[in-house]
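Next, two complexes with chain A in common: one pairs it with chain B, the other with chain C.
Now for the complex of A and B:
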């Protein structure tokens, strides 16, 4: 068996399971099950980065999305005590619009990505050292702006959470 | 041919590693009962075999043959899967932990980040088991555990930044090699604040005493795995001990110099260099495992608000101070 064949087998596995899992995330009525499928989905995405030799991006994917974002999702779901999703008219009114948006999005993606070629695998050099050097020299301004945005989000969240009801003020 | 060989050899390595780990876990439970017993002036297990040496085997056989009960109102799919989530999270961390020079399954460049990220996955087993059991005790335990693990992951990550700054690498083997360049051979001494923060958050991260609030027996019966029985219960138990071994190995590698010994010791006692590195590594890991048991035998449990206050108001500021001092010393 040639290495290319094995890689293709793995790639086919990942793409098939990614599409099945993403369907399972939206199709399952129980919201915690959705979160469970999303967890496996995100881990598969992380594994896809390994095909590009981007170890750092894989780990960051796991730490940020799996370790941070999804845990907070589940935490919020549990605190709010949501039961099974209802198929109420209020929620499915915009179903057709959603489908149309998805179709337009994918057509747009196809048009833009049709012309791209493999551009010298720049992710292979994506070691932590290179990331750090680029982040603090060439991309310093966007980096600083992003951190200010994050700080604003943090302060805003605190301000909303700290707001007391009228009678307690 | 090369790829097939690589897959084969990795599978063999993983199987060997897995077997050794399981034996370690089995005898860690035995050691824990013995150590706690002697701290409390008891003898611990004494019946099965001489000094109870076969007790773990008897326990495993008992757990394998117990009935696997699933509560009537539980979410069966997630209830059955949750222990495997915990276990696979705990086991995958060992893929990058080097036991000796070049004795590692996968020597990736971001090993430290990988261990931290994958260890964080253990939270999901706890959340899912608590939710799927449909029981108040389990649910409360899992909520507590989630909050605790999220808070202490921050402190755990920050405490290791000092080590990364000194080693200039995320690769675990490289971190060990860098420590050997100093005459004292351990980051323990320059990073003493980081080590303190690491040890405290390691106890909280693995849900061990004095921070075992998710499974506080007196308030929550057993916390998130109260509804589990038989083999699924033992999988949670296994995951907890594996997490302890993972954190102990991380402490040994990042702060105690892994498989190497301080160069000054080798210079003074040249005969020490014939002892293989894996022995030193295991000794350092066993010390940390003993620390877990020792603290369990001596410290009472913290209250929940105290736990959160320690994490956010003491440990995280301490870790940040440590980072500032380390980077200042690095520049000067």
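Now for the complex of A and C:
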């Protein structure tokens, strides 16, 4: 088999599996099951980054998303201790309108990117060294601002999730 | 269909599924998960533009996007947790305190 054929097979696999996994997150009845579908989805996205010469981002995706955000989701589900109702309605009353909005949005997006042209020069100098040089020279100020945003989110999350006193509820 | 177009269509598909899920689901936590799906779709588009234009700046923007997504998840889950603790509501169409 030629390498191009193998690459096409892998890309089609990723298309089908990513679509099905995101549909499973949206449609599954149990919240914790939907969290685990999200886990497999995030790992697939991490594997897709490898196709695009972004090894560092693959590692970051696994560490931050799977190790941080998803664990936060599962902990929140466990802390909330949600009682599943017997007839648990998953979707809102006018769900069809939402689906219609999404379909119209997708059609517009598809018309916009239908005949995309490639520029021809691929990314060849992608390494962690070049990435770090770019991040800490040209993008230093956004990096520092991001650290402040993370600090504010930390303090804000603690302040919001704190238990209210009895009379304020 | 060339490869860049393939990645962009993949990204658009996942973004649309996340958007539909965000609109039609009732559970607040699953709505936040759909936000994560949309963030990931945008990250795929960033990475494919970065690869097919030979420019490393797209990958740096993915790093910022992942950082902002982590902040958003933390604050959003804190809000949902406060709502469930104080009112016992965990569905988006039951929050009707501001209705006249």
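Throughout what follows, the second predicted complex is superposed on the first by the 121 of 169 C-alpha atoms of A that agree within 3 Å, B and C clash if a C-alpha of one lies under 4 Å from a C-alpha of the other, contacts with A are read in each partner's own complex, and residues count from 1 in each chain.
Just so it is clear, a residue touches a chain if its C-beta (ideal position, glycine included) is under 8 Å from a C-beta of that chain, and two chains touch if they have at least 3 such contacts.
Since we're looking at a predicted model, the values are computed, not measured.
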item	value
Partner chain(s) touched by A:65 [first = chain B, second = chain C, both, neither]	second
Partner chain(s) touched by A:148 [first = chain B, second = chain C, both, neither]	neither
Which of chain B and chain C A:16 touches, first, second, both or neither	neither
Which of chain B and chain C A:140 touches, first, second, both or neither	neither
More chain A residues in contact - chain B or chain C	C
First, second, both or neither for A:55, with chain B first and chain C second	first
Chain C-contacting residues of chain A that also contact chain B	56, 60, 72
Touching residues on chain A, where the partner in the complex is chain B	1-3, 6, 30, 32-33, 36, 39, 55-56, 59-60, 62-63, 66-67, 71-72, 74-75, 78, 127-128
Chain A contact footprint on chain C (complex, rising order)	2-10, 12-21, 23-27, 29-30, 32-34, 36-37, 40, 43-44, 47-48, 50-57, 59-60, 62-64, 66-75, 77-82, 84-86, 90, 92-93
Interface residues, chain B side, partner chain A - complex	2-4, 7, 75, 77-78, 81, 108-110, 113-114, 116-118, 120-121, 123-124, 127-128, 131-132, 139, 143, 146-147, 150, 153, 170
Complex interface listing, chain A residues touching chain C	11, 14-15, 18-19, 22-23, 25-26, 31, 34-35, 38, 41-42, 45, 48-49, 52-54, 56-57, 60-61, 64-65, 68-69, 72-73, 76-77, 79-80, 82, 89-93, 95, 98-99, 101-103, 105-106, 109-110, 113-116, 118-119, 121-126, 130-131, 134-135, 139, 142-143, 146, 149-150, 152-154, 156-158, 160-161, 163-164, 169
